[in-house]
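Once you scroll down, you'll see the structures, which are given as structure tokens.
Paired with chain B in one complex and with chain C in the other, chain A is shared by the two complexes that follow.
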Partner chain A sequence: MALYFFTPFIAIILTILGGGIIFYILGFNPIEALKFYFITPISNLYGFSELLLKATPLCLIAIGLSYCFKSNNWNIGAEGQLTFGAIVGGGVALLFYNQEGFYILPLVILAGAIGGMIFALIPAILKTYFNTNEILVSLMLVYVSKLILDYLVVGPWSNPEGFNFPETRQFSDSSRMPLLFEGLRIHAGIFLALAAVMLSWFILYKTYLGFQIKVSGLSLKTAKYAGFKGKTMILVVFMISGACAGLAGVGEITGPIGQLHRMISPDYGFTAIIVAFLGRLNPFGIIFASLVVALTYLGAETAQIFLQIPKYTGQVFQGMILFFLLASDYLLIFKVKILSLKKNELRH
Partner chain B sequence: MATDLRISNISKIYPGCIANDNVSLQFKSGKIYALLGENGAGKSTLVKILSGVISPDNGEVFLNEKNLKLSSPLDAKKNKIGMVFQHFNLFETLSVFENLSIDATEDNKSLRVRINEIFKKYNFSIDLDIPVLNLSAGQKQKVEIIRCLLRSPKVLIMDEPTSVLTEQETEELFISLKKFCDEGILIIYITHKLKEVLSLCDEVAVMRKGKVVSVSQTQNEKVETLANKMVGQKLAKIKKKINISKNKDEIFKVKHLNFYSDDPFETNLVNLNFSVKKGECLGIAGISGNGQNELFQILSGEIITPNTSIIFRNKEIAKLNPKQRREYLMAFSPEDRISQAAVPELKIYENVALNNFKASNFFEKGLVNERKIKDHSKKILSDFSVNTDNVELKSQFLSGGNLQKLILGRELITAPELLICYNPTWGLDVGAINYIHETLIKINDQEKSTILISTDTEELLKLSDRIAVIYKGKLSKIMSSEEVTPEKLGVLMGGGSID
Partner chain C sequence: MYKNFFRYLISAIFLLGFSVNSNADFKVGFVYVGPTGDHGWTFQHHEGRNAVEAAGIKTTFVESVPEGADAERVIRQLAQSGHDLIFTTSFGYMDPTNKVAKDFPNVKFEHATGYKREHSNVSTYSARFYEGRTLLGHIAGKMTKTNTIGYIASFPIPEVIRGINAMTLAAQKVNPNIKTKIVWVFTWYDPGKEAEAAQALIDQGADVIMQHTDSTAPVQTAEKAGVWSFGQASDMQRFAPKSILTSIIDDWAPYYVERAIAARDGTWNQQDTWHGLKEGMVAMGPYNSAMGADLVKEVEQLQKDLASGKVHSFTGPIYDQKGNILVAEGKVADDGMLAGMSVYVKGVEGDIPK
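Here is the complex of A and B:
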């Protein structure tokens, strides 16, 4: 049990070591490079605010995904749900682009959550009533939502005064997340994420729904035998998961971005899958994991500036985290035994 | 060249059960041998030892007087022992030829020639280039057999080969097996179907509880004599007092229960009709895989079948799920206690919460009432003498017997009117078995009813008031337990008919 929560730390240490080796092979001083990657980005207040800014959507999405993953539902399409939430929320914000009012932001946020929820319902309904595979459907819907967004920002929703740039109007200030500190980009969305963590802890560990999710995740046969309403539960976990992703999307467009354009998310929806597993699908573990993974985004940007290496190294680090997490889980649970097998024995 | 396979004093002991107890057998080529026995008699263990999957604790295997060291399936292959398992080991998406060429040593061209020779010799015809998933169960089995034949085996072991075959396919298989036998391949045929033994095999060895109880020529045997040997005549020492309940009310009545499945490893159920009276135990006997799984799941509500009528305490419940059925005071104890009746990773009290009644208030307004569940769990642990009082313990640390006591306790503490249990004592030690048997008798004494689906005939004869046998998804007539004898059960379980 202790090991179960310990392996994420082993994975992180191995990732840092692995990163050092890669930097060394690329011809950099590994210590220097790792410092640029993991220390420099958060060595000042601005950097720290950026860390929280990036961790917010990751945390929100991963919390939502944990409902699905805990109950054996493999929702891989959070990126699509994020995008669709941003489209619906952004649509509402654009309706009010020239208006002011305290009621606008809550409406936009609500619309975003509903958008994500509806989009997540598609794979859920197809799974429960038509027996489709939710992995494929949710994944393919990511591309659908991205193309819808593309169409909207190029076509009907593009800014009439925008010189044909693929982007919408700027949202009015009433549709923007309030900033927490002057001059920093960290915004009130972080409270949404923290509220989601608290609420999820309560739901997952203290309610009948949470109990059903736990049992279904451990044994679907038992869930069936106990008479849980399997179909309803699938729909509910997908809706929660989609709503969280939708919130993350709306947080991005009403927070740092302030309009809709093509690149509203650097694959937060996919990276959050890593966050969810690194956090052991535990709400508080996910807070920690989202900070670690957010750092790889920041580190990649610093490394691009100071070391002239592409910022996609961030994805290399994220991949390594997942790889080492799975590997250490595997190696700690199973005993490795090396068998000698002569070649000619196989031939018989 | 003649082949001679000798098994000498093989023993294999698992914790709490002797799978093979000093087994010695001798086989010679030119004959087809049957290895007959009930579930758990030790056939599969013996076969796994012969195919190198497990190693025996004691004993030796000789092939033509050479002592074989079988420590892996590769050793069996090397020594020309071929196996066809009940469940196929084929890659569904690869073609027949690709499946056959995976572990071949020759090039594709000469392999194709050899396969075609085998086809011609034994009158097989399968398209080599279609994916295996398009084949019928019988054809898949042929592919497995061809795979063995390609290695020119001396010994061919068939493990319950007809369980997934149609009558027609079974006949074809028998013709092929007789041909192999004529060519000098030694065939060992594992089964629990009596008729097959008589129509196919020359010699039969019967196993019971890990021991070989008889070896004989099949021409000297009849269905009844074999059944007798397979089931054993030893009757239970404590037998339940038969409930004289001729005039009691029927509390449970099943009509037109039909189930059809596309999965070849599931059994279709054909028009089952039966009823259970108050205070009665209805036993359903049968060799496993004859539809008991499906029947249990339909009775518990995990599978809902159309057009079936299930009346329980004068209400139609056929469309209700297990939770709803529990509200009407039914309780269920499935066969698989580790991954269905309970979850090993959950704590004891969490497993108790799986049987969740409205009246028990485990979850008030959707919230977990941990205290209530724990109090309830403590009562179960002490009432059903589970050897712990720690409700926070993970269930995986309970022994099989204690876990079963916990499950039965969870199901019974709500005083259900009908308990449906499926193999409640498999894998348990004698003490736990006795405790569970006493518990089941006690429920009947309290005028509550039970349906006992079991593959253990001794248990059924001990506990049931009436017994029916399920064979290939069909239910025999229901007999009162006074008229039932182990022989009759054995005949019906093996697919024979009585009177």
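Here is the complex of A and C:
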């Protein structure tokens, strides 16, 4: 059991080693490259604040996903729920354009969470009542949400003074996340992520719902035998998951971006799947995992700026982390045994 | 392209020999929206960067920077890590560029295709691609048999509408029956969508395909269908050698070298640049021999006249789709009108998406 929580660290160490080898093959000094990758980005206050900024949406989404994954519900469409949450939240922000009021930002955030929740309910309802595959439905809905966003920012919501460029107006200050420090971009959204972590720890480990989720994840048949209402639980975990993704989306648009356009998320919804597993679907583990994965984004930028290492190594690192994690899990669960074939078996 | 390369190589050697007072630490940063690749928008900016390197100035680039929250961090990091001049090469970097420029008054910023210059250390630049479109229109008007030109458009921004109008006006001049059919794909790069759009236009009778998108899918679709096409941003001839009549080439190299040297020597100042055929920011690829020598000669003459200012792409009388006059006879459209262009001229079919 202790090893179970230890494998993520093994995976990270293997990723760093693997990364070093790749850098060496590419002709870079591996130690120097790794330093630019993992240390330089966070060597000052600004860099560290950017790390937290980047980790916030990843952490939020991954927390939400952990409910689904723990209970054997494969919600792959967090990116879509993030987008739809941003659409609904952004819509409210535009509705209150140029208005003052302390209530506006909470309304915008709430709208974002509800938007994500509604969008996650679609695969959940289809799964519970029509037996569809939630992996496919939630994944395909990602494209639907992106097309809706495209339509809105090109058409009805585009900035009237923006020469038809596909973007909305900049939100007014009343619907922007308050900044925590002057001159840094880190915003109040990080408290949403931390609150989600605390609340999730409580729900997952201290409530009946959490117990249901755990049992369903371990064995659906047992859950049924115990008389758990499977359908309600599926709906609830999808709603929580969607709400978290929606919050992440609304945090991005009311935080660093400040408007709606077509590129609100560099696929956070998909990367968060890696974060969720690297964090062992444990709320506190996810905090740690979101920081590690956020660092691969920042590191890729720094490595390109200082050493001109292609930025795509960031995605290679993310892929390697997941690969090594799954591989070490596999080796942890199964025992490798080399079988030698006996001579008489070969004759057949 | 090679001609330019050697030009800069020679100037680079020259500069290396004579740069006595140059600042050894002077560095230029580039932010790209896509991968450097082998054709298209980002590739051309990368070629410009290569020219700056060849001129003996150190450069750095960051590719595939999303136009969302990440752009500001990348630009800021470039500014923090000792870059003195930073080119941000996509429209979506407009607000992040201005935001970072505020915090780094000693660093110079150059933003491509934007209109915001909120601080004195931000310049903007773009190219008069519409002049190239005028040449394409002339060729298309002469080459079409069905009098129908298909146009794959990205977003209904003035830049794209200007290209559609310039092309249509030039085509009408040589062939009054020209109709322009447009498919809006709402993307700058999506080979699948672009190929579908090209096929749809061909099915509607277009025998010349033009694109304001970045992939080679439209020219390849045109090649397969046996219709004419034009390359975009880079010389795309090798992707569809039979079909491509010529390409509009974005040549940022002269501008980048000039601005980098100005920034290094302390003569850089804020400006809004809009260069065209005259300055070489817009260049034409090789002409397809299928055009015939006469047409090539005509086009080359027109190119010279556009460059010298003898001919303007938007010379009146110009009418909108309903027949209202936009530019009176004998007048030419001014830059303000061009910059905000948001209506089609007569002869373009359909409506601008709202």
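Things to note:
Keep in mind that, in the parts below, the second predicted complex is superposed on the first by the 337 of 348 C-alpha atoms of A that agree within 3 Å, B and C clash if a C-alpha of one lies under 4 Å from a C-alpha of the other, contacts with A are read in each partner's own complex, and residues count from 1 in each chain.
Here is the rule we go by: a contact is a pair of C-beta atoms (placed from the backbone, for glycine too) under 8 Å apart; a residue touches a chain by one contact, two chains touch by 3 or more.
All of these numbers come straight from a predicted model, not from anything done at the bench.
If you put the two complexes together on chain A, you find that chain B and chain C both fit without a clash.
Comparing chain B with chain C, the partner in contact with more residues of chain A is C.
Applying the stated contact rule after C-alpha superposition, one finds that A:Met263 touches chain C and leaves chain B untouched. For the superposed model, the angle subtended at the Cα centre of chain A by chain B and chain C works out to 130 degrees in steps of 10. When the two structures are aligned on the shared chain, A:Phe163 is found in touch with chain C, with no touch to chain B.
Look at A:Lys231: by the touch rule set out above, it reaches neither chain B nor chain C. Once both complexes are placed on a shared chain A, the shortest Cα to Cα gap between chain B and chain C comes to 30 Å.
The contact surfaces that chain B and chain C form on chain A in the two complexes do not overlap at any residue.
By the touch rule above, chain B contacts chain A in their complex via residues 74, 77-78, 105, 300-302, 321-326, 332, 334, 336, 339-343, 345-346, 350, 353-356, 363, 366-368. Contacts from chain A toward chain B in the complex involve residues 205-211, 214-215, 218-219, 221-222, 224-229, 345-348. For chain A in complex with chain C, the residues that touch the partner chain are 46, 50, 53, 150, 154-155, 163-167, 170, 183, 185, 252, 255-258, 261-266, 297-298, 301-302, 304-306, 308, 310-312. Here chain C touches chain A in the complex through residues 29, 35, 60-70, 72-74, 76-78, 80-81, 91-92, 95, 103, 115, 155-158, 186, 340, 342, 353-354, going by the rule given at the top.
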